[in-house]
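One chain, chain A, links the two complexes that follow: it is found with chain B in the first and with chain C in the second.
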Partner chain A sequence: MTRPALVVERALWWIPGLAIVLVLLLAPLLFTDFYLSAVITKALWLGLAAASLIFLAGYAGMISLGQVALYGIAGFTMANLAAADGGSPIAWNPWLAALAGILVATGVGLFFGAIASRSYGIYFLMITLAFAVLAFLFFGQVTQLSGFGGVNNVDRPDIVSNPVTDPANLFYIALGTAAAVYLLIRYLERTPFGLALQGVRDDPSRMHALGYNVPLLRMLAFGLGAFVAALAGVLSVWWNTRISPGSIDLPRTLDVLIIAVIGGLYRLEGAWVGAIVFAVLDNWTRGIDVVGGRFNTVIGVIFLAIVLLSPGGLMGIWQSITDFVGRRFAGAASPRPRPAGERAHPS
Partner chain B sequence: MRDGSDGGRLRLWALLAALVLVAGIAAGCGGDDDDEDGGEATPTTETGAEATGEPLRIGIFSNNEGAFAPFEGQTWGGAMLPLIERGATPVSGDPTDGVENAVIAGRPIEILYGGSDSTPDSAVEEARRLVEQENVDILLGPLSGSEGIAVANYSKEQPSVTFVNGISGAQDTTLKVRSENFFRFHSDGTQWTAGLGDYAYNELGWRNVVTIGDDYDFPYSQVAGFVAEFCAIGGNVSARLWPALGEEDYSSFITQIPQDVDGFFMGVGGTGTVAFVNQYGQLRGNLADQIMGGIFMTDPVILEELGDQVVGVVTAGMTAGDSQEPAYLEYADGLGEAYPDLAGTASSVFAYGYYTAMEAIAQALEQVEGDLSDDHAAFREALANLELDAPLGTITLDENRQAIMDNFLQQIVEDQTGDGVPDVQTIKTIPEVDQTFAGFFSPETPSPDRTNPACEEAEPPPWTVQGGGG
Partner chain C sequence: MSGETAVAGHPAWRTRLAAVPPRTLAVRVLIALVLAFVAAWVGYKAAGNPRTFVVVGLNGLTLAGLYFVVASGFTLIFGLMRVVNMAHGSLYMLAGFFALELQGRLSDGGGSGFGSSSTVGDWVLPLVVACLGVAVIGLVMQQVFLRWNQGQDLRQALITIAISIIIADQTLAHFPGVAEDIAAPDVFPDSVAIGVYGLTYPFFRIFVLLVAIAVGLALWAMIKRTRFGMIVRAGVDDRQMVSALGINIQLVFAGAFLLGAFLAGLGGVLGGTMISVNKGNDTTYLLFSLIVVIIGGMGSLAGAAIGALALGLVDAFGDVYLPTGYTNYSVLLIFALLVLVLAVRPLGLFGRPA
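This part shows the complex of A and B:
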């Protein structure tokens, strides 16, 4: 690979990336309040939920359907502890309630991770699906905590302001959280823990033979995924001002999987790329008569197209484009051999 | 990833082509939509000679997914009819396509479409889109009970938009939330049961009953009304069963209904009604003299599916399908003429609720001559004080902007009209039932839920035999 080719290829990653960061930083000036709140902020917290799934799938080889249940646990815990209609009579400081929500969800994640960590592949998928259904039914049935109508008017910290009339604050909070999570996971990728996880992903038996405690690593990964999902849960309740079992039902669980697949299940950025595509399409199709109310059909077709044609998702497509352009610049040079790990996380 | 190989590139192009195709389809539809919008707006100003004012945007949303999706057509038909009566023409036989040339009080009306799935989250999301993105002046909806509570709460954040409820019937929506800009021109689930407890106790001689209803706010409200009335005059409710909304297999709940009770109140709604009644018939047989229905039993669409097995069942609600009042016949015929598919569904609460809502909006707009200035102050004043001459009697609002209206006790009888569907016969009309249900409920009483209100003897409501009515 020649040097200019490398520069061009790098530029194809960095320039759009920087442009997106710039647009996001200025988003409150560029978009209407509604779009900022209902599409972009939503995409940021949905992207967080998807990022927790991509982290598990991409770094630990655990495709989990339990991330929405975990964010629901954080959301319901917070909604019940903070002042709200239909919550319990004790009213905590909203920050404390949010912290409690995150801790409880992470704790549940660790506990559940301990149970599920010995399952692999389809069995792991099924056990997390069971967990998702269990959480949904639990909050639907236990009317002291929620019931079908859920918890309305959940109190927010003052700094969050009112997400309907003044969405900029929540947007920046969501943006900051998303950025922090992104950097955290990218940092973890290079730590011994992250490297061990990637080893577990590629060959658990060999890692076990090397002396690693594979179930412990997987449990910790699941706990970390739960922590990220819990952040999404807290943001979603602040954004919605409410939560109900309808927020964490099976369609919502599948939404997060669909977002991750559309964005690219093996690149962390894919979480937010998928989420923004999802949120924009959702908003856009509703306004169109013929496809209006058929959002599921549209997103389903895109999902099928991605699964059939580009298993790397939209990020995979971009990868192909940059590779293609890079090769053009490199002239007739033979394709660069790729290290095994790069399939999953080229950076 | 096989990037680099020709296969990889081919796939990439195929994928891009597929994406473009999808986008093209969507954009094409969008284009059609724009044309239609244009077609709606342009003739409105051209042919509607009197339509000189600024267009007024009314968002309408009902359920296009979930347990109540089958009723979307009825809700839209009901909502379109007042516009059609004022000169608009339906775009097609499907009421969700809207109308052309709609004018109220000289102002062209633009209708914006929305739909949710009976969960409060989806309803708020859709309400937000219509209000904040589509900038509607007036929002008509939602359909389902828990949705209504959530949207009423949301309406407090949007003081410059007027909200008129569609047909969501939870008590809390108006009695507890009490949003200044949220109006409901139909009675709630509790009001709809007025007369049932009295009939069960005094006519059928029931003393011990079980209730069953979907596990959310609307059936809570219905069961609350039945329990309050039946227990006030001395009846006992020994159990309340709550299957989840949208349940398909009710057998485990049916077996929980003890054999020795006198009967039970059936509040399972939506797509569950037919499943429940059929399964009950298979498991226990002899349905009609054990069951007392909520409003879904007499819904024309559901009645058609249930057929003769429910003949004899007594229900109550805000509509009377057997009414021969000229105003009702005009309304029913109008609905059937505008939308042949909806012929015979005029007595559905879904059609009637959305109809009264749009009729109220239209009449109030006419009173203020389409003037929505000053954050709708005059318009809301007109809505609050409206005496709506509805097809089945006058509707007025209380101080929480909640309808006070007549309720009808009805029995399902064998087909008399020759259409093969059982008919309903009104046994009794209970005039002007208000939301407090003769004083049982107030903003301070606990919200109806799985266990509230408690089954206690109390002052009998005035429409019961014990209360001096009957």
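This part shows the complex of A and C:
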């Protein structure tokens, strides 16, 4: 089918997408070092954390607030195993420490998933939120692991040069990781595992009746989400050069939810769109005096507005625009099937 | 389920045991072992120092009282409206700050340090004003934002999360950052003798426990014995049928939300007097409310009581009875409690499917 309307609609998705990819590839040439590090690299790893949430929400119907706790577990494991000020005295090779952090967080994720996977919808959200706050309190109390002011100057691999004076390397590492995760999830979407997950999202009891092990599928999805969150955790520690219990407290947990909702909970690209908006706003509200310079009030109001007015987030708004333009091109309003994997509202 | 048919000559318990799937049986045996170990450990510790056991036990019970007051409001709102009020902890925190501020002004800016006292009026008036203030905030929240999103539980949870972020940020901007406690009325004695081992115990904590019991009984009586409670119970089961019978269910919803927020406020002032008023309270008391209802089952008053008891006791004993050097790992015990309950009952002890 090559209706002109469809071509226009496709173009409205592909052209901005390619433009963004091009800008990102050339970002070290286009932006100042400060902006590259403080906004764009930050948005890439925040987006990665949000992508783990969107993957769970969009493909498995599990809205998890545990992603920041999992990235914290990866970050703290790595920070304790690598050489650092505070935390344990172990000093492993930074790559090995990062790998261990990712493995531990994925393991914890599978365990969380095993417990929470029989709960659905709002119960799942509440249980993962309880896990998240418990993880925060745990690292707050256990100073053997978190030091008294956090674990500072965590040793990085040589290739991750100083993120302040020479941010390009870390930027490209974050960009590569984000791209790899995006492609991995888009690939999984078409595998039997991905299709079964989407079946579980839409109707768990029917999938159970068809012979699928629904709790196992949900547990594996949660483990995969934990893996992606752990990647974000490792990058965030490299970027911050430190981690403290404050890095995974409730406001931080909600930040990732806000990013996902602003971007759009049901489209993977929304993770990074939301993260860019979040990081730019964060940077911008520091400079000027909005409601007493209170970033969280501003972001809270934006979040409230998005939830009330456009549950699909910015990606949902863009979707409406392309639909509208497409209809104008098609002339008469012809009903058109919506893209797969998109639902008006989750149950 | 091969063993479901009764076999002649076998005692009934064996037939029933055979009907339990092996994996469930293994989980139950494991949990029984864990509970037996915990009981043995607590018993061993208690035999070593019974005075500590009594004091820590009372700490746990009084904490449980506070948790129950807060969580009962949370579970009431959920039970009737299926709204998970993520701003419940924020309402708790806000009530504490309101009461602290008002008491400071009433007693002419006198510092309310630890153990200080105030006249009865200087405590009761802030209590009433803070609870009503928070109740009204809750009501406005429900009427303005939640009412027209009924039935969309996720969206409502996100709305309350957004409100909690705004409240937390504005609290940070307008109230003092240091933890303070609200002064208890001076007619209350500091501590009372409890008649075992010649121990004395802070009176206000016992007062909190008594208030919690009174709140529990009052809620129970309201739900089981009054017309309002009857409508609430009917509304939980079938909201549309209730409104079809000519009852203004929106009024009932508003009343329930007012009451739920009021209870968060009551908890906030009691907790602010018993422990302290603190910036992090919104996170911790949201967590405690969540845990209490996850353990007890959403919407169940009895479940909230059991959940609060379990959380309070684990919280109090974990800090003291863990082996020396590991007491700061007590959070893991709360996590273990949660895991234990969810492994057997994903909907909580008294939970039932929506």
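Note that in this section the second predicted complex is superposed on the first by the 328 of 347 C-alpha atoms of A that agree within 3 Å, B and C clash if a C-alpha of one lies under 4 Å from a C-alpha of the other, contacts with A are read in each partner's own complex, and residues count from 1 in each chain.
Definition applied: a residue touches a chain if its C-beta (ideal position, glycine included) is under 8 Å from a C-beta of that chain, and two chains touch if they have at least 3 such contacts.
This structure is a prediction, so every number in the text was calculated from the model and none was measured.
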Side-by-side fit of chain B and chain C on chain A, or clash: clash
Which of chain B and chain C A:Phe138 touches, first, second, both or neither: second
Which of chain B and chain C A:Leu257 touches, first, second, both or neither: second
Chain B versus chain C as contact partner of A:Arg286, first or second or both or neither: first
Which superposed partner A:Leu129 touches (first chain B, second chain C, both, neither): second
Touched partner set for A:Ile40, first chain B, second chain C, both or neither: neither
First, second, both or neither for A:Pro311, with chain B first and chain C second: both
Partner chain in contact with A:Val301 - chain B first, chain C second, else both or neither: both
First (chain B), second (chain C), both or neither touched by A:Arg327: first
Chain B or chain C, by number of chain A residues touched: B
Partner chain in contact with A:Ser247 - chain B first, chain C second, else both or neither: first
Superposed model, chain C segment overlapping chain B, candidates 58-66, 76-84, 94-102 or 112-120: 112-120
Contact residues of chain A, present in both the chain B and the chain C interface: 137, 141, 143, 249, 292, 301, 311
Touching residues (chain side chain C, partner chain A) in the complex: 82, 84, 86, 145, 152-155, 157-159, 161-163, 165-166, 168-170, 172-173, 282-284, 286-287, 290-291, 293-294, 298, 328-332, 334-335, 338-339, 342-343, 346-347
Interfacial residue positions of chain A with respect to chain B in the complex: 32-35, 37-38, 85, 137, 140-141, 143, 147-150, 152-153, 162, 164-165, 240, 242-247, 249, 283-293, 298, 301-302, 305-306, 309-312, 316-317, 319-321, 323-324, 327, 335, 343
Chain C-facing residues of chain A, complex: 63, 115-116, 118-119, 121-123, 125-127, 129-131, 133-134, 136-138, 141-143, 249-251, 254, 257-258, 261, 292, 294-297, 299-301, 303-304, 307-308, 311, 345-346
In the complex with chain A, residue positions of chain B that touch it: 1, 3-4, 8-9, 11-12, 14-16, 18-19, 22, 25-26, 29-30, 32-33, 36, 64-65, 97, 113-115, 117, 119-122, 124-126, 128-129, 132-134, 145-146, 149-150, 153-154, 157-158, 170, 215-217, 244-245, 449-450
